[in-house]
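See the structures that follow.
Shared chain: chain A. Partners: chain B in the first complex, chain C in the second.
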Partner chain A sequence: MGKKLLLQHDHVPGIHSYEVYRKHGGYASVEKAMKQLSAEAVVEEIKKSGLRGRGGAGFPTGMKWSFLAKPPGVPRYLVCNADESEPGTFKDRYLMERHPHLLIEGMITSSFALGANTSYIYIRGEYFYVSRILEKAIEEAYANGWLGKNILGTGYDLDLYVQVGAGAYICGEETALLESLEGKRGNPRIKPPFPAIAGLYGCPTVVNNVETIAAVVPIVTMGGDEYAKIGIGKSTGTKLISASGHINKPGVYEIELGVPVEEFIYSEEYCGGIKNGKQLKAVVAGGSSVPILPAHLILKTVNGEPRLMSYESLSDGGFATGTMLGSGGFIVMDEDTSIVKNLWNFTRFYHHESCGQCSPCREGTGWMEKILHRILHGHGKISDIDLLWDIQGKIEGKTICPLGDAAAWPVAAAIRHFRSEFEEYVKNPGSIQDVKHYYRLNNLTEA
Partner chain B sequence: MNNIRFSDESLALVQKMIQRYPEGRQKSALIPMLHVAQAEFDGWLAPEVMDYIASLLNIQPVEVYEVASFYSMFNLKPVGKCVIEVCRTSSCWLLGAEDVIRHLENKLSVKVGGTTTDGMFTLKSVECLGSCGTAPMMQVGADYYENLTLPKVDQLVEKFRHDGKRKCYTDQPENVTI
Partner chain C sequence: MPKVTIDGQMIEVPDGTTILQAARMIGGPIVPPAMCYYSSLKTSGGYCRTCIVKVSKGSEKDPRPMPKPVASCRTTVMDGMEVQNITSPEVVEARKGVVEFLLLNHPLDCPICDQAGECHLQDLAYEHGLSKTRYEFERRTFEKIDIGEKIKLHMTRCILCYRCVKVADQVTNKRVHGVMNRGDVAEISTYIQHAVDNDFSGNMIDVCPVGALTDRTFRFQSRIWNVNPMDAHRDCKTCSGKVTLWMKGNDVARVSARKDKYGEVIDWICNDCRFEKKDAHDWQMDGPTNIERHSVISQNHYSLKEPAHKPLLNTLYTAPADRQLNSNN
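On to the complex of A and B.
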């Protein structure tokens, strides 16, 4: 069994309630931060821990926190990103639904460290029922003196609110999220200025993912140095992985960073192998935005080393033969999966979710969707494959926000690793029939 | 238009929402208020409803329209009492979301986006709802329905029809105790 820091009490009945959470050591990080440490010392612990943002980009959290501008007399904000809309990712929901107080505790400790007196949790609108769970936990925290005025007699005040969104993937991008929180359309802002200088209401702001904020709790409690001993190299600590697709045991798993991918897919402790005794074909390891890898490259790096579940190992080989840990949305595909059809599904998603501000993203995603649709339906030409390659290359790096890259990478990777499958669709449209009958495996007709 | 007005209960809730933001930043309450409005006024945001929200926040109606039209959860046309939203993205798709959608289209005799003639159901397909480990899935009102099979979908549709109630995102969820 790997080490568990966030889901340590996952099997404790009633852990979502204040009493049970508190009985199991809950809110100790707040006491330690406010009574034994100082705000600056908490930031130091986070730096020492090596914690990297769990929302997708993996930016060092301690460094992000130390960039926060502190002009006198100007409020600072901490905003938790609970938008969780990256296809294949459902760990934040799991954490908030089952361990709401862990997030609330993390928000209090982090807000104290950053000197924020008002903080918001921005949660996607579809998780409305989860927002109620959080609101109840917040009420309990107020009632027990962890929120409000003069917390623990330190003179520090904090108000914490939950804000619901209303359905838009782009609002997970931090500046779009801030726009949305200000009551506007979720159009990403041009950077700089970065939120650390001018974020919510033009004030210095830190935006962190739910899991990042939750990880602050064990880090402060155990100390940054201890946390840094867990994991492997610069991938310190544990990570929640959302495992889905053609596996026997889909779900959220907390892994110690560094577990071999092969063990993660096949061991009973985690995914339990491929469903229906099929062979593994491909994996999208970090949410829909990261490059897809064929079985041989996800299990081993191009040098024949076992691939590990860590930031470095997954990106070993660059985009030519590697991928990214991303949000930890681990989507497994078996031998019967059509890579072309899956790519069409992703591309349709990005086209639908583009905010429309930049032409390469707005137009390019639509063109790619259209071309993939025609390839899928037997009307494609070989030159269409090159055209797709060309379009994705003209989106990547040429847009206001990284959604453009996120739309381009899956296309590039699918062509890079599975070009022959695209060619097959073009040359032999009959093969499409097989794909249509693929759902017989899903047994949806059984109760 | 003049008779559009929140119930006292909703009005109190909305007043509380407005206080979550610093002075002068009350527009931040717009999206939460639109959720309350959609739940109260038949599941969609008619222009009069949006104008009413604008008046409460002291902003221009166009500021409400541009926001309401950006977000997929806001309905700008009338919808059925139960809006069935089936996830059509990656993991759900790999595990049969298309079958679920086709089955519902046949069962309800509507296409995706359509509303049944009796005004009971609207069928929508939506993007990943963060339930990929329990795919395929759909959302109706506040609740997630997961690990769907076709018989399970049939049962749910019958249950909704029997209840005959309007379902909203803001409802107390039935599947989860809070």
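On to the complex of A and C.
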């Protein structure tokens, strides 16, 4: 059994309630941070732990925290990013639904470390019921003196609010999130300035993912050095993986970073192998925006080494033969999966979610979707494949926020690794049968 | 004061200058085209991506190149920075891509568009675009709406540069319009066709780079190249009263703000001057307007200070040796 830090009490009945959580060692990190350590010392522990952001980019959290500007007389904010909308990613929901106090505890300890007296959890509109769970937990935390004025008699005050978004993927991008939190249209800001200098209401702000903030709890409790011993190399600690697709046991798994991909897919402890005894065809390892890899490249790197579930190993080989850990949305596809159809679905998503501020993303995502739709329905041309390649290249790296890249990478990777399948759709439109089936299943009319 | 080199030409600029502003100080063909940036509107720029350039050296202190092309209108110059615009084939190619994206859903209804001849998108496409489209799908369309008595919004032509929104935010005393919806169906709107009505709202028309916002008092009255621009002024309590009159014979066909060589308004004017003073007797004439901008209106019979430059792309691709700008200067 791998090490569990976030989900160690997952089996305990009632762990979502304050009493049970507290009985199992809950809020110890707050006590330790405020009574034994100082704010600076907590930041030091996070640095030592090697924790990297769990929201997708994997940026070292300790470093992010130390960048936070501290001009005198200006409030600082901690904002938790609970917008979780990346297709294939559902680990934050699991954590918040079942372990709301872990997040609240992490928010308190982190806010203390950063010197924030007001903090927010920004949660996507579709998780409305989860916001209720969090609000209840916050109420309990206030009632027990973990929030409010003069916490633990230290003179430190903290108010924590939950803000529900209206349901937009783009509001997960940290600066769009801040705009939305301020009550504005959720458009990403043009950076610089970065939130650490001018974030919420123009004040220094740290934005962290739910899982990142939850991980602060075991780090502070066990110490940064101990945490850093877990995992492999610069991928320290544990990571929640949202496993979905054609596997026997889809769900959220906490893994120690460094588990071989093969073990993760096939072992009984995790995904339990491919459903119905089929063959593995491809994996999208870190949420819809990371490059898809065919079976042979996800199981082994191009040098023949076993691929591990870690930041470094998954990105070994760059985009030519590697991918990214991303947010940990692990989507498994069996031999019968249509890569073209899957790509169309992803691209449709990015088209739908583009905020429309910058021209390459606003126009390019829709264009790619239309071309893919045409290919999928047997009306494609061979030249469409090169056109798609060209369009994604003209979006990537030329936009305000990384949504443009997120839309471009899947297209590039699918063509890079599965070009022949696109050609098949063009040359032999018979293979579109399964699309008709999809439309029937979903009561859609074929466009 | 930081020194920056753009396409081989060095210039010293005040702190906080952007690459685009520095390029404009140098002038000539190395100035990146800008469709959304507007120097007098705070926080403008960054949206359209036509002004992207490559930073091949970040600064003297940190000489690493920037990993991605940057929007020159929103990137501040650092001392020792080296920038490539038209000397970088990647930038030229990327810009072509941006132009293609901007035109993708544009109706190309120039023959019946009031902006034709003074349209920045037309100019941009002419200088940097492809001559044919690769888009084979139906273009997006919107209903035309009147936003108030004086302004027509033809959303289908809009490139979402956000300039009019910034004018409404920063120049008028009450913003009643903005961007609604998302992605490629995002639109400028007033929400349930609320009228845009306050003293300075007409400036939205002038900042619009395309024919999305047009003057209802001038619509379809004349092609722009058949009217004569004259600088004029009047005593106005609300604004500077300094305008350009667009004369058809002895009649005032249109009143607009005066613009500089980048097509940017010099002084905002009020709606009274713009929409209500359509009699030549309302105005003191200052003489013919200098149109320095490269465009259809400047091609014909108006005085020019400097000749409009040729389309850049052809020169760039056929004769790269001509681009050794530093050796010429």
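Heads up, the rule we're going with is that the second predicted complex is superposed on the first by the 433 of 447 C-alpha atoms of A that agree within 3 Å, B and C clash if a C-alpha of one lies under 4 Å from a C-alpha of the other, contacts with A are read in each partner's own complex, and residues count from 1 in each chain.
Just so it is clear, a contact is a pair of C-beta atoms (placed from the backbone, for glycine too) under 8 Å apart; a residue touches a chain by one contact, two chains touch by 3 or more.
Not measured: the values here are computed from a predicted model.
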Partner chain(s) touched by A:Thr109 [first = chain B, second = chain C, both, neither]: neither
First, second, both or neither for A:Arg185, with chain B first and chain C second: both
Partner chain(s) touched by A:Thr221 [first = chain B, second = chain C, both, neither]: neither
Partner chain(s) touched by A:Thr236 [first = chain B, second = chain C, both, neither]: neither
Partner chain(s) touched by A:Cys358 [first = chain B, second = chain C, both, neither]: second
Partner chain in contact with A:Thr399 - chain B first, chain C second, else both or neither: second
First (chain B), second (chain C), both or neither touched by A:Ser315: neither
Larger contact residue set on chain A - chain B or chain C: B
Touching partner for A:Tyr161 - first (chain B), second (chain C), both, neither: first
Chain A residues contacted in one complex by chain B, in the other by chain C: 168, 185, 352-353
Chain C residues within the chain A interface of the complex: 45-50, 52, 67-69, 71, 74, 94, 97-98, 100-102, 104-105, 134-135, 137, 159-160, 162, 178-179, 181-186
Interfacial residue positions of chain A with respect to chain B in the complex: 75, 84-90, 92-93, 97, 118, 124-129, 132-133, 136, 161, 163-169, 180-186, 201, 242-246, 250-252, 284, 288, 329, 331, 333, 337, 342, 345-346, 349, 352-353, 439, 442-447
Contacting residues of chain B [partner chain A, same complex]: 20, 22, 25, 27-32, 34-35, 63, 66-67, 70-74, 88-91, 93-96, 98-100, 126-136, 139, 142-144, 148-152, 169-170, 172-173, 176, 178
In the complex, chain A residues that touch chain C: 168, 170, 185, 190, 351-360, 362-367, 370, 387, 394, 397-400
